[in-house]
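Here you go, one structure.
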């Protein structure tokens, strides 16, 4: 970054308001001939979900350093330029445009959460560089053909996949144990509501005996969930589904522990399986059901363990769900660059990425696939497991077959008018 | 709306006890933060928009002290004292320079404090989630009262908050210092003419308000996730409480906090769509009908 | 017609030429992006200053109208039935109505209570945006982009044209606000700010005047929102969150409340600051906070106000050598008109 | 008069912004005296008091208390040094009870002495004793005036500064205030009174200083003033 800063410094001497604006126009070292490939990353590095951005950044840095050590691409190496959008979609849009237009970034890794992801998506429609969304799980981003952008891809888990997997897993358990009375507790915003509705839809599809007796919707980032917890004490469901995540889920779990809610109610959580959540909770009740977010023991492959060690060495904490998604995105980008021999035109890279398969320690089988039809990742772990009080915190991962997920996804797309 | 269920709950001892305790638990932490906000506004006439910062600092100080010493009492003290000391520093070096200036200046100084402290906390403690943890004895099974359940830690928390509230009330109404502080709120120049160092007192009152926020943060640290920026939602809630109860009125803060707590506890049973929007609507309504709040005395 | 009108029109034209010339002289897309941001947020800040600097009403909820402009415009365009100018007019009109209803309640309250109730309304609107997912897309904002069909031969899908269009709208709005700023209405508002009792005594209908400027400020904010929506091709709940209001307040504070163009200068400085601080460090909160403290406690007023006062002082010191500034010559009447 | 006066004001100039209010005021009050500071409305009486109390610090000149300078100190330190300032308008704390008003004023004098306690105040002000639990805001004007005087006495000052104690009160109440001041004088309290009401002062003061347009124009014993028609006519418009 120092070269660019000097360039700015020289021009900055022009002084005055007009010149102050003019220095913004100073282009960074231009594209193809430069030795370094700059990769821009808008993400959230401040505020309550800063860990989303910090762990995404660390994963990309780790991946890039490994790829650069391995010799780069056609004599070119990767360099990350990350910017904080402060969680604001309009800021994300601005930062992305700046990264492309001003910093000479030739590839964008979009580390924004869902709303910022949509904003970045629109920027990439205007400025067609390769963009890989790594943290947005909202299905419509890639599933809705109206939103399709030729050079945009998603390398992240997706709501609809999780919903099918959750439905299959939950219905198996509910049939085994006769869990009929269900309650949900999810954050009151678009993702929380969609995710919960989709989960219930598939759970009831596989086990029609499931009855939803109550739903509570605490606010996103609420500090306290006591009234939702005591509501559950009154309703006495047999099982509860929750799409709470991150710090909110940590608070919810610890407050539920005080009431001893979960020995009596079977919890199915979409996000408990994220290592920072698991490690933050002081008393993790055993036997809770959670979707896989990330775990160093699953998939049980040496590559995965190596990634966990490498990441933890840099970040000083276990990888997050966001971390593996970004790491895998880098693997895809790396493979595409290898095939183009370092050429970074959006169309060229997109052509390579379409339908690309890579072998990865994070694949549930052998390979991860960037699906051609809708530019989204499949073949990642969609397992569910049960909690244990000590590391690795989640065990007995039960994988849900991708064939089943894909079949249901097709139906869902038809239903939504996406296919 | 589900009034049958609500009626059923109110008439069932177990449900009633649990939900009332829920309302108090939610309300009392809110009260601690809001009373500090109200105290500062009542005496100094400034709105401490940075109040959430001291809640956050209290939580993080308590967390750090608990990590180091393992003593819950020391953690609480560290949270309260740390927030109070930084509050005094903030008042002396920054806030006191904008007293009597327009609202914008005060707002901006507080905004700067929020930005700086959130970043400092992220630098020192990291961005990942933290919880303080609590001694084994608090984590025991919830106490059963007439069929309802109240967790041990919450009983302790309620007792602490009520105790602090009582001490605050007695301190302000019964002690000489409290009488001086009340006089300071009304006529600072006269208080100065009676030989009392008003600047020192302002700093002390500001610090006291921050101690209240810090104590709330420390009490919350075992059960609420610590993240940079955690003060924001608490600030907004306590702000609503303060406005509804009456800016400057500590009994008002208590009444409004418990009111909000109970509304949420029984609202969860009877009309589960009680959201933030309704809280703001309530605040708007109070401002329209009675701008000085339920128990406030200052006129708008 | 006011005597200074010709001069204002001239200056406005110069501003417009300068704005249009800059991207031609420095043909780089990021400069255009940057200037559009300055335009949108500058307009928001200018409109807020009609309340804060001119009338003494410290609104904490001004972003509500910014969001309302952006959402109404975006929704109408996504509906596909109307052209851009019609959607703009409808968004402005709708926001005016909203501001009229909210303002009628708010302007009756004084001082901090006015600030609180504007904040309450803004948060209420923000939670409606979040909750009404079918219409607004909730927290994800209006998705799928905002179409920009050509009208009257103008194609806003082309980045350069979009910029030119925004610049023209911006200068037009500035001219309107300048008219208000210098009109008898503007001086009445200053009197309300400085001495409401006197205004009342002179038979001014204070509530009505305040409501008038409240609606006008809402209208101008909605234009800013429309520009933003056009540019980012979307609308997001953050547009109506208190942080946006806070930023607008900071911009007018940074630039100055008493010099007409102060808020635009503030918007420019804040965007510049944000731009570079975000590039240099991830601790931008720390840096921004320190800058705020330095300005509030050091300069004790906005940069433009500070410069204006300094200029006035210097001019007073060396009266014979009066050199009129080329563009921004703050009339002495603008600083605290009525004692 | 060999010991230094309790209070001495020397050549004091006070400005409000750019305009000068006091021009070289000289004033001395000896122990046990009741000095009346007389002058028309706007002559500078209140400003003189504010200069002494540290609220309007003098730009030039000095205020000395028992020979030691106190000017330049913040008001609370001036009060602690022994100057008991009772401002005009009877500024009681309206939502405190009478007793709480006294409690707020209670502090040891400059030498650690605590002659004045609530009990003693109630002895001297029997009227207040009967309403000790009443809200001060509910008292009549005269009662509030007595309360402010009593509250300041609770700080055990060396000298009591009363700014316009008779202003706006009914004649019968003014007489009661006068009686009170005489009682205090007999108890040995040193008092400086600013007044427009000359008759009131002639009744209670032992000495008088007349100021006009921010300057001292006359200073003497009260009997001498009483005989000086020229001064009375010219400056006090009798």
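What to note about this one:
We just call them A, B, C and D in the order they show up, numbering each chain from 1.
One rule holds in what follows: a residue touches a chain if its C-beta (ideal position, glycine included) is under 8 Å from a C-beta of that chain, and two chains touch if they have at least 3 such contacts.
A quick map from chain label to UniProt name: A = ABC transporter substrate-binding protein; B, C = Branched-chain amino acid ABC transporter permease; D = ABC transporter ATP-binding protein.
No experiment lies behind these values; they were computed from the predicted model shown.
Considering the contact criterion stated above, the chains in touch with chain A and with chain C alike are B.
Remark: among chain pairs B-D and B-C, B-C carries the greater number of C-beta contacts.
Taking the mean of all protein C-alpha atoms as the reference point, the chain centroid lying nearest to it belongs to B.
Ranking every chain by how far its Cα centroid lies from the centroid of chain A, the top place goes to D. Here the spacing of chain B and chain D, counted between their Cα centres, is 44 Å. Note: centroid distance chain B to chain C, computed from Cα atoms, is 35 Å. Measuring from the averaged C-alpha position of chain C to that of chain D gives a distance of 55 Å. One simple way to say how far apart two chains are is to compare their mean CA positions; for chain A and chain D this gives 75 Å.
Shared interface positions of chain A, i.e. residues touching 2 or more other chains, are given as 45-46, 188. Multi-chain contact residues of chain C (touching two or more other chains) are listed as 131, 284-285. In chain B, the residues touching two or more other chains are 118-119, 122, 275-276. The touch graph of the protein chains shown belongs to none of the named shapes. If you check each pair of chains against the touch rule, the ones that pass are A-B, A-C, B-C, B-D. Of all residues in chain A, only 1, 5, 8, 17-18, 20-22, 24-27, 45-46, 82-84, 87-90, 93-95, 97-98, 101-103, 114-115, 118-119, 122-123, 125-126, 138, 140, 144, 146-147, 188-191, 193, 220 touch chain C in the complex they form. Chain B makes touch with chain D in their complex at residues 176, 179-180, 182-183, 186-187, 189-199, 297. Residue ranges on chain D touching chain B, taken from their complex, read 53, 55, 74-77, 79-80, 85, 87, 91, 93-96, 100, 103-107, 151-152, 155.
Residues of chain C that touch chain B in their complex: 52, 58, 105, 109-113, 115-117, 120-121, 123-124, 127-128, 131, 246, 249-250, 252-253, 257, 283-286, 288-290, 292-293, 296-297, 300.
By the touch criterion stated above, chain A contacts chain B in their complex at residues 45-51, 53-54, 188, 214-217, 219, 221-224, 226-228, 230-231, 233-234, 246-248, 250-251, 254-255, 257-260, 276-277, 280-283, 316-317.
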